[in-house]
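Each chain gets a letter, A, B and C, in the order it is written, and its residues are counted from 1.
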């Protein structure tokens, strides 16, 4: 029972941690109907920036400031990339939009991975722990996971508050629901696209910065979060922001339950089993919108 | 005056007729010849490099059929090569069946699975199809990695060699032959009425149906043909290299295939071939710059997509148009000079 | 099944719901072979929905549709096309990345004609439509009116065509192209006996072209007859003015 609750909580925690990645992907999709296949690489950039900040500038004591700086700097990077690469899709230059976005973001993913190797070498960097091991009740918990969890929850709460209660947040909801209609309300959709992309990538980077001591810092550290992120998207349904939380928790649970009751070395597969089961029942995800072919 | 005009017209027509068809024919024959005699001029190592290039040509051309011409942008194409390779190797190793039967089994299973996936993908399109095929690819790859008792996991499987030798030459001709057959098959399909159905389906599925095209049947057909070809490539791959591993099913492989097609020219016949062979060659030449070469490659893809959509083939086409326009202007004076003599 | 013998198209009391919205509410239509029927009505009266139901894009919630005695509701659009029903879309749906000629060939090839047959017929029709010069141009380079024209003549490539349903073929189209479209409809109707059902807002054109007019309002058929009869029907007047 002890072991079970330990794994259960660990699973839920991992779920929340993956949430940031998945949230970024689905948020961007909701606004621009574009899947950014390089989200994992923005996560990775987040880990690198955080590592550099901690090691050379602010030290590990102020790790949380590092997370904020990582997120903000990637926000600008993401917005810039959106501006030069993605925006042309929406101003009529590109005909085949979906192809373009997919090919470009996939290429970006590989580009960033190799740039990371070129700059920092194929090494794994280990950032120092953010906090010492603690407990939740009688259960031991790695300090890193604990603070990452707190950080993730704070970010998610901030995001929620932002979306529901600020003017910009509501504008985003408007863009997601009715892109052309919202323009008549005077909203510059293109600018919102850029900001949305920036926010989405910043979320991924924040996740990276938070999880750096757990996932470690190396060029391919974005791969696993990418897979988890997309698993969550498929389970949740494209574009659904609330669905991401449900799906992420389910994924975390599935992984931990599978590890406890079946076999911990098959970890990767439990998420996919969940994914297949969900798709069999609801082909467009738990909260996904059915795409009418007509 | 009258005869002058008629002969002039005939002269122009004759010129224009000679160019496209005969050029293509001689060009292809020449290329074919080069491919056949190439191994005698290069080292074993390079023969192997080109053999792999032909493997990727098969994947690129077949993906172009599915994702390019028919518009079903699959991110799970490489997985069928993986399935072909593993099915063949596993059946031979575990069930002891003969080699060629194993390869056949690999191909058959690939076609069956692609049928199922194709039917599943009927209801989805665009990004969602990409996502579903991506999920498919990851599920299969993860299963192979996790089921190490059966599949060898990350360590991979040793597959028996097709020819009783490790000399690269027979494998070179094997793959160049399969690639040639693949390209011919795809060209034949695209020139037939099926090609029209594929293109119409991609352009506007609803309109295509209204025009009597059974898009359901043809979308699944495209899936099966393309994936079957990938399965063929994969099945032979295992028995040519001798070792297969889940790396074949990594997303990176899929990305490379797409990059070959895009740089060569999406939705062209020659594009995937040109892209796969030239880039694989260049990657090998630039072996020492292992990250930089990929950085340059992906940057080129991004630039092509952003500014200059048609890849290599578009570049060729525009150049050809420019040259043709220039030439048509000249004969008038050349002919008149002949007349005046 | 009685009374169906003399009609080519029998729309029997159909209804169509989209979630809570009833777009078509017990509409019946009977079109004789060789007729040119006009289908008019204020906006959102269900005209396009009815076309989509006839051509298999939607399925009926209630009722049935018969074509030449055979029940066709529930069939796939491509099967319906092979039975001889073609349609055009309000917003022209041509195959943009294919040439004009290739666009034309699709409906012929799908009905089993050879490449040569299809090509010959396509060139004939393009000649008639004055589009022959553009035959190797990608369809996306055509103007709006040319697109509509291409859509229309493309439908004539179906060898088995018996009923041609057109959704707003004249909308926003240049006068000269409109002339070609009218000529095409009248010629095909006269020479090949092809039945037409045409949705349009252009009352004068419709009254000159169509033998009978059906009027739709809020998903129901409220009037039927010649243009004069229908124009004087108080129900119709009320529908257009009352809204």
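Quick notes on this structure:
In this text, a residue touches a chain if its C-beta (ideal position, glycine included) is under 8 Å from a C-beta of that chain, and two chains touch if they have at least 3 such contacts.
Predicted model only: the values in this text are computed from it and were never measured.
Chain centre most remote from that of chain A: C (centre = mean of CA atoms). Of all chains shown, B has the CA centroid lying nearest to the centroid of every protein CA atom. Chain geometry summary: the mean Cα position of chain A and that of chain B are 34 Å apart. Per-chain CA centroids place chain A at a distance of 49 Å from chain C. Centroid to centroid, with C-alpha atoms defining each point, chain B and chain C lie 41 Å apart. Chain contacts: chain B has residues 206 touching two or more partner chains.
Shared contact sites, meaning residues of chain A that touch two or more other chains, fall at 294. Along chain C, residues 57 each make contact with two or more other chains. The residues of chain A lying in touch with chain B in their complex are 29, 33-35, 84-85, 88, 94-95, 98-100, 102-104, 106-111, 114-115, 117-118, 227, 230-231, 233-234, 238, 265-266, 268-269, 272, 275-276, 279, 283-284, 291, 293-294. Contact residues of chain C toward chain B in the complex are 55-57, 76-78, 81-82, 86-87, 89, 93-98, 102, 105-107, 109-111, 115, 154, 158. Residues 73, 75, 123-128, 130-132, 134-135, 138-139, 142-143, 145-146, 205-206, 252, 255, 258-259, 262, 266, 291-292, 294-295, 298-299, 301-302, 305-306, 309 of chain B are the ones touching chain A in the complex.
For chain B in complex with chain C, the touching residues are 193, 196-197, 199-200, 202-204, 206-216.
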